[in-house]
Each structure stands twice: as C-alpha cells, then as structure tokens.
Amino acid sequence: MRPTLAAKWVAVVAGTAIVIALPFVVSQFRAVQLATVAVYFIAIVGLDILTGYSGQISLGHGALMAVGGYTTGILMTHHGWPDLATIPVAALVGGAVGVAVGIPALRLHGLYLALATFGVAVALPTILKKFDHFTGGSTGLSLFSHLTGHGVGVTILGHRLTNNDWLYALTWSIAIPLFLLAWWLVSSAFGRSIRAVRDNELAAAASGVNRATYKVAAFGVSAAYAGVAGALYAVVSTFVNPDTFPITLSLYLLVGAVVGGYGSIWGAALGALLIQFLDDIVDVLPGIDPKQAGPRTFFFGAVLVVVMIVLPLLTRLTNRVYTRS
Amino acid sequence: MTEFLQQVVSGLASGGIYGSLALAVVLIYRSTGVVNFAQGEMATLSAFVCWTFMDHGVAFWPAFALTLVLSFFGGVAVETVFVRPVQGAPTLAIVILTIGLLIMVNGLTTWIWGGAAKPFDGPFSTEPIDVGGVRFSKQDLGVIVVSLIVIALMWLLFSRTKLGLGLRAAAVNPIESRLVGVRVAWMLALGWGLAAVLGAVAGVMAAPSLFLDPNMMQTVLLYAFAAAVLGGMDSPVGAVVGGLLLGVLLNLVGTYIDWVGGQLRLATALAVILVVLLVRPAGLFGRQAVQRV
Amino acid sequence: MKKLAALIVLLACAPVALASSSATPGVSAKEVVVGSSGPLSGEAAAAAGVLRGAEAYFKYVNGRGGVNGRKITFKYLDDAYDPSKTVENVRQLIQQDQVFALFGVVGTNSNLAIRDFTNAAKVPVVFSQSGATTFGKDYVKYPYTIGYLPPYAEEAEIYAKHILATNPKKAKIAVLYQSDDYGKDLLAGLRRGLGSKNAELLVKAVGYDPTTSDVQSQVADLKASGANTFMVFAFGKFAIQAVVYANKLGWKPSLYINDVASATAIMQLMPQSTVQGAISIAFGKDPATPKWANDPGTKLAGQIIKKYVPGGNPKDGFLIAGMASAYSFADALKKAGKNLTREGLMKAVTNMNEPANPFLLPGIKVHTTPKFRFPVTQVSLQRWQKGHWVLFGGLQSARP
C-alpha cells in the first residue's frame, strides 16, 4: 500500500499547517525542542538521500553536520557574520565536502564505506581539537553575542517573537522548503537515476547512467543538507564544540533515518521526533530513574534493533531495499 | 635508540589488544560476511561479567573461564535472536542492526554497572621486566602471548577441523553447503559464539590497563577495524599482525611526528583505514576480491 | 502519513504552559527548586559524585526543616560531558522545570557553553564545579556566573613555587596534561609560577585527548626527555595510568598530582612504590586522611552518605567536595532571606563570609566580595605517605 501522490500532498499540507499552528499551543520549552527536531529532520532527510535512495551507507553524518556547524561558528566568531548569512555558506561548504568525500567513496562499497565513515565520525572530535586556531579547540566557539536577537527575542513585521519561537520559526521555515526540494529531487530524473544505481549498478551503467556522477552528486546533496542542519544546530545550541558532534550523533541520525521508514524521506519527521523525545518517553516508564543514562541508551538501541527485525516482516513499503540479495 | 625500542615494545602491547578484538571482527566477517559493529561493546560486557564474578570472590582464572563460556552462549543467542531474522537482508540492513546492538549493549552495560570506571585486577602482574634498558611488564607480555595462542587455536579450527571447514563453507556458499549436509544455521550461530569468546578475551586483557567502564572499547573498536583492514578483513593472521603493526605505528607516529603528538592517534588510525581501503583493499594478507561480471 | 500521525500524537501530549504568575520562578513558600547538569555517564562519570554529594547534603538540610522554611528540591540531569547537552539540559531546567537557580554545574566547557544565555536570562549559575579562572574573573560581563574551586592556574603555581623552593637547580620537569581548558590552565599556571626559569626547568609537556584509550606512549615519551619531576595534570583513570606506566618503565620521578585526581581512592590504585612522596593540594577534608578520621565534619559527611546515598562510599572525595559546595549554597540561601529572589541570591553569593565549612580544611574561609569572586582560595600542600595523604606547610594562598 504505497501512498499515492495525492496522499503525499495531503500529508505535506497538513504537516505544514501543524507546524505553523504548534507554537501557539505548546510551551516555550517545547518550541525550542521542536526547533531541534527540525534540525534533526533536515539532517535525516539528507541522510535518507544518501543511504536510502543512493544506497551509500554513511555512519559519519554527524561529521558532515560538524562541517556546517563550524562553518557557521567560524564565520560568526572570527569574521563577525550574522547567523542567517552563514547558513547558505554552510550548505555550500557542506556540499563541497560531500563531493570531496564522495569521490574516494566511489571505490568503497557497502561495508568498507561504513567502516571508513565510522572512522571519520570517531576521529573527527580530536581533529577539530587539533586545529584549535580555527575551531577554538576543545573550548569551542560561543556564538551567543552574534545571534539574531541576541538570544532574547526578535521583532518581525511588527510582531515580537521570543527567542524560542524565533528559533522554531527559523528552523522550520528552512526545514519545510528543504523537504519539498528533497521530494522533488527524489521524484525527478535525478532520484530515479540514483535509485537505479543503488539497485543494480551494472544495469544502470548499461542504461547509460553515469554511476560516478550520480553517487557523488548524492553525497554532495546529502552533505549540503547536513551542513545546513549543522549550522542551525549551532545557532540553536548557541555554542559549538568538538564534543557536540560525537559518534553517537551520527549513530542516532542513522537510527532516525531507518526507524522513520527505512531511508524514506517520508519518515524523517518521525525519526527526528524519536531522537529528540525518546528520552522523555523512556523517563516515563516505571522504574526508570531519569538521572540514569543507561536505560535511555538501551531503549534507543532496542528500538532500532526491533525496527530492523520487525519492519521488514510487517510492511511491504520497504520492498525497494530488498530488490537484490 | 632505547626510546625507539621502548615505543615499539609498548606499541606491541597495546597492539595485542587491538589485534584480539580485530580477530573477533574478522571471525564474524569470515563466517557470516558481516561486520559486527557491536563487537567492542560485547567485549566490554564480557569484561564486566568477569569483574562481577571477581567482585563476588571468584579468583581470576575460574572467573575468566566462566566468562568465556557465558560469552559463547551470549554470542550464539545474539545471532539466533537478533541476526537470524534478518538473514538474507542486504549488508546495509545487517550493519544497521549491529549498530542498534552497539547502542543497546552500551546502554545495558551503563544501566547495570553505572558509568564510573572500575579498576580491574588482571592475572598478570604489572611489575616491570628490564631487557637491555627497554621495559615492559608481564601484563604486556601476557596480552601478546594470549593473543598468539588464540590465533593459533583459531587457525587450527579453521584449517584442520571439519567444523572449521563447515564454517568456511557456510560463509562462502550457504546454499551449496546445505546440499552437502553442512548445518548452515548452526554454523552461523557458532561463528558468532566463537567471536564473542574472542571479544571476551580482548576485553578482559584490555581491562587492567584501560580501566573498566562502559565506553572502554569504543575507541579500541576503531583501532580494531583499522587492524583488520590493514591485515585483510578475511585473514585472522592479518588481524593479529595488523593489530601489532598498528600499535607500533601509532606509537612511533605519535612520538616522532610532533604535529601528531598524543592527540591525533584516532586520526592516524583513520588515515590507515582510508589509505588501505583506497590503495589495497585486501590489506596485507587478504585475498583480492575479483568482481565477476 | 507517519509524519502526520506523529505530529498529532505529539500535539496531544504537548503540555500547554501558561506564563508563570509567581514573581520568582522556582520559589514557593515551602520549596525552592535548584537545577544542575553533569557527566553522569561517559568518560568523566566519576566527577558526578559531586552532584550526588550535594544532593545528599540538601536532603539532610531538608530533614532538619530546610532553609528559611523551604525545602530544597535539587534536580540534575546527565550531559555526558557534551556541552550541547548541557545547554539542552539547562534550557529544560530553566524553561520547563522553572528552577530558581543553577548550582554546581560540572565541567569547564559545560559552564562556558551555558554562560551566555544564562546571563542573558539573568539566571544565577552558582558555585560551578570548575577551577577555570574565567568564572571568577569575568564577572563584569557575566555577573550571574560564579565558580567555587580554587583556580587550577594558581594550584599549578603553588607546585611551581614548591619546586623552586626545594629543587631549583636540578629539577627537570615533564608534564602530562589533558588537552582541554582544565589541563591547559594548569600548564599555563605552572609556566607562570616558574617565571624566568620556565624554559630551563620545563623540559617537555605532552597532551592527551580524553577520548583516547590510554597514555602509555605519552608517558614513555616524557620519560625519554630525562625528566626527574613529573606533573600529572590528568583526570581519573589517566592519572592512574600515568603512574602505572611510569612505574612499569622504571621511571621514579618526583610526582605532582593535580587536585582533581588526588582522591585517596584513586591514589590507592597507583603502584605505591612510585607514588610514595607525591605532592598535591587539598582544600576539602579527605575522609581517608587519618587526621580527619574523628573530625566532626567528616563524621557528619559519613552519616549523611550512609543515610542518603545508597551504595555510596563514605571515603569518596567527590561526595565530600559536593557537600562542601552544597553547604556554602545553603548558607547563601539562608543569607538571601525569607523573601527569596535571584538578585538576592547573587548578592548573598558575592558577599560570602563563611569561616567554618565543616567539609573544608579548618582555617579556610569561603569569602567573596562583589569585586572578588573566587570563593575558595586557600589550599594546603599534602604529601602521600604510606597509603594516605599528610598535610604539610599550612594554608597557602591560591588567590589569582
């Protein structure tokens, strides 16, 4: 039962309406949490394009977010740029890094690409700390004084927004257009080509699809999304530091991408909500002490494991991933 | 010169730990074609189990033996319960599953034993032995010796026994193996069980010097991957040799190249992975895969 | 479709909060809510003991009626030493849990990450667990933030002065330091303390990243420099490893262990032959030091731990450190009076005059003024002898 095109449009319109309405009914704190959800959402959509649609597994998506986050951080603290202006730059820089990574990644298949990207994600914090002249080292960069609204509030078109509402508006007003862009991409010839390459490289090549171009392009697009997500993450956290992009971020993004529909962008919101709110859900379970980190991590992993086992058995939406053995 | 030798020797000691975990990774890869990202966490869990036995008064060697047995069954259980259901799924799916296991086991370990590091009394003393100005401890020697014994046993298993033959056959061609009577399902479970035992050995050997905490093997896992890649993903000998080489390389690079210093060890391991995968993916001892069209 | 469903579910669960009508958040007639964040998991998890110790002390105070009739509710969250999680936690504590103030936030980077927005929101962040000088020095820009611990830089200066006093001609110093602000502050303080002799006496300094698994290679490197004095500016297991490896390599330098790693429980894990005579500083009463075995403050701490920290070790230095700062916090709360406001708390905190904190060394006065915001600036040197610390030299100044 694949959703029809009409159903997809309904979902998008309804989703957008909800996003617009939410801040009027939820608390301030929820608003800023949902802003973080938007950040994860953008990152997951990007990861979906790379891993779900183009079949290149990446365990280093958090590292690509770091590229965007630090681009923003460096431009803001070393060069005094306003935060908004850094976002397109973060996208471009992210995209460029993605292309640069995508080229050698062509030679690495499946498992080996997973290993290599895993390595990048694990080693990245130490590399960021090494180049402390740019990155502020382990202390990181504080963005607070350069943020729009200085963390207090913003006036738009005569309306005064609190800081949290501003962050919510900023992140979602970028997230939704990026989602639409992604939808367009995966439904277009580009999307068909990358899926063709994913499913059967030989057949794709025989049909005239240049696998190298499309795989690298997918990496670039995915990394551009991650760059934007990283930039926004920095803005929401007001602070950027090598430890804010640890290996667990990359792994959780993968969890989000998979749980939210096995690499389909239509589940990205669910995945993003999961990453942000699973802690809160776990805390409510009987016998769990919210101060303990163990149970939260355990259930996070358990959710992924269960989804990986159960999902293929249940739904046939995931057929596309099983077209080859 | 003495300093050089000293760095080499202590590099061999830490390399022994990387090699033993790499062995576990390679075993699962060889017998099931999967890279188990949860290998490090499973090893940590085994080390905690051993610690718990010792905390309750059991002496080291009996505790160690018990841990190995439990780890074996643990590995079999993991394969049967979690991996078996996704048999036949593409590599991507199984990798994600093992990552889920990584997160889950890490959470479980933190949940049960808490986050703080615990000291672990190893079987070998840390008193130094002096050989011509170069010093190492019995513990270092013990780690290297144990790794070598284990690899020898593995080699024997794989190349000289019928079981080993069955394991290899099941990995390479499950369908035809079944036709000749190999119980493929049991072979896969067995592979995971043995790997869990290897991981347990690595974890228990590592704990005295790295200190036991739930994240103990997280960075070691990357070093183990680098060792396995360097040695060749399908070569047990390669895993151990790769581990030893990597340990020495990391020490020498860290000491003699100031810019790397003590802070870029992980990055150096990453560099090893990238260089090997891009230049000679089969590693030192692996077989070059021929892609049939 | 899933996206839609998920958003509807979330909407149904989202709490609708009305603007808080009370004048001061977190304060009611019977309760004051205080928040914190620290590494309950991850590589620095041992330091979380300060939060547990503080919690236990607050429970004890509550058991005796609280402060000015209010019970202290202490809520703390795990950030695994990831500053972006600290930001998230503190946002939650301020905006959702409506805490009155933050207390004892653990870690230099964590405190740096939250400093800007807590000051913008005018929320006090009091007695943070960090010795970074900036938390006492930069109060003009950040008036709502104040530290507690004696500054790391000054601690290292004291070590430098000790070396200059005892072995000025022949000392050759090697330093192992954690490559973040805490370790670098110590190293900088050491250099400053050595003054003009810095280049001559400090032969090698090697850093390590706390995500590394071990420091064998670094220690071997330091030994090869020919040093006879080893400064261990490292934390927890790395400090232990440093001494274990020095021992293994047959290196027997004079050891200086930084305060953060000097808890008796940690020292006892090191090879005793090497660590004999090691020097550190102390400002709290380490319960394992025989001198304090019968001290009323230590006994009180033991009782509190027994009653309020299930499974807690009465000899855990981190628990005591937490209690010391909690005592000062309760003291400040009391001084802030029955009519409790955030401004009132900051006024109390910048006018501390506490002569007898039961958990700090006798003679240490917790003292602040609006222009001098370093609460604890007196320490004593101590030497490790036969399995425990022995204080010597009287109280020294660690005033920046």
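Letters A, B and C mark the chains as written, and numbering starts fresh at 1 in each.
Simple rule for what comes next: a contact is a pair of C-beta atoms (placed from the backbone, for glycine too) under 8 Å apart; a residue touches a chain by one contact, two chains touch by 3 or more.
None of these values were measured; they are calculated from a predicted model.
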Worksheet item: Hey, which chain ends up farthest from chain A, C-alpha centres compared?
Response: C
Practice prompt. Look at the interfaces B-C and A-C and say which one is made up of more C-beta pairs in contact.
Written response: A-C
Fill in: Interchain centroid distance [CA atoms averaged], chain A/chain B, Å
31
Practice prompt. With chain centres taken as the means of their Cα atoms, state the distance from chain A to chain C in Å.
Written response: 35
Worksheet item: Out of chain A, which residues touch more than one other chain, so two or more?
Response: 126, 129, 292-294, 297
Fill in: Touching two or more other chains - residues of chain C
40-42, 179, 209, 211-212
Response to the item:
Among all residues of chain B, those touching at least two other chains are 110, 114-115, 214, 219, 263, 265-266
Worksheet entry | Residues of chain B touching chain A in the complex | 35, 37, 82, 85-86, 88-93, 95-97, 99-112, 114-115, 214, 218-219, 222, 225-226, 229, 263-267, 269-270, 273-274, 277-278, 281, 293
Worksheet item: In the complex formed with chain B, which residues of chain C make contact?
Response: 39-43, 45-46, 48, 179, 206-209, 211-218, 220-221, 224, 236-237, 240-241, 244-245, 247-250, 269, 271
Worksheet, complete the sentence: Per the touch rule, the chain A residues reaching chain C in their complex are 3, 7, 11, 14-15, 18-19, 22, 25-30, 32, 36, 125-126, 129, 137-140, 142, 144-145, 150-152, 164, 233, 237-239, 241, 243-244, 246, 260-261, 266-270, 273, 277, 290-294, 297
Worksheet, complete the sentence: In their shared complex, chain A is touched by residues of chain C numbered 1-4, 6-8, 10-11, 14-17, 40-42, 76-78, 80-84, 87-88, 91-92, 95-96, 108-109, 112-113, 115-117, 120-121, 179-181, 209, 211-212
Fill in: Residues of chain B that touch chain C when the two form their complex
2-3, 6-7, 10-11, 13-14, 110, 114-117, 119, 126, 128, 130, 135-137, 209-211, 213-216, 219-220, 223, 250-251, 254-255, 261-263, 265-266
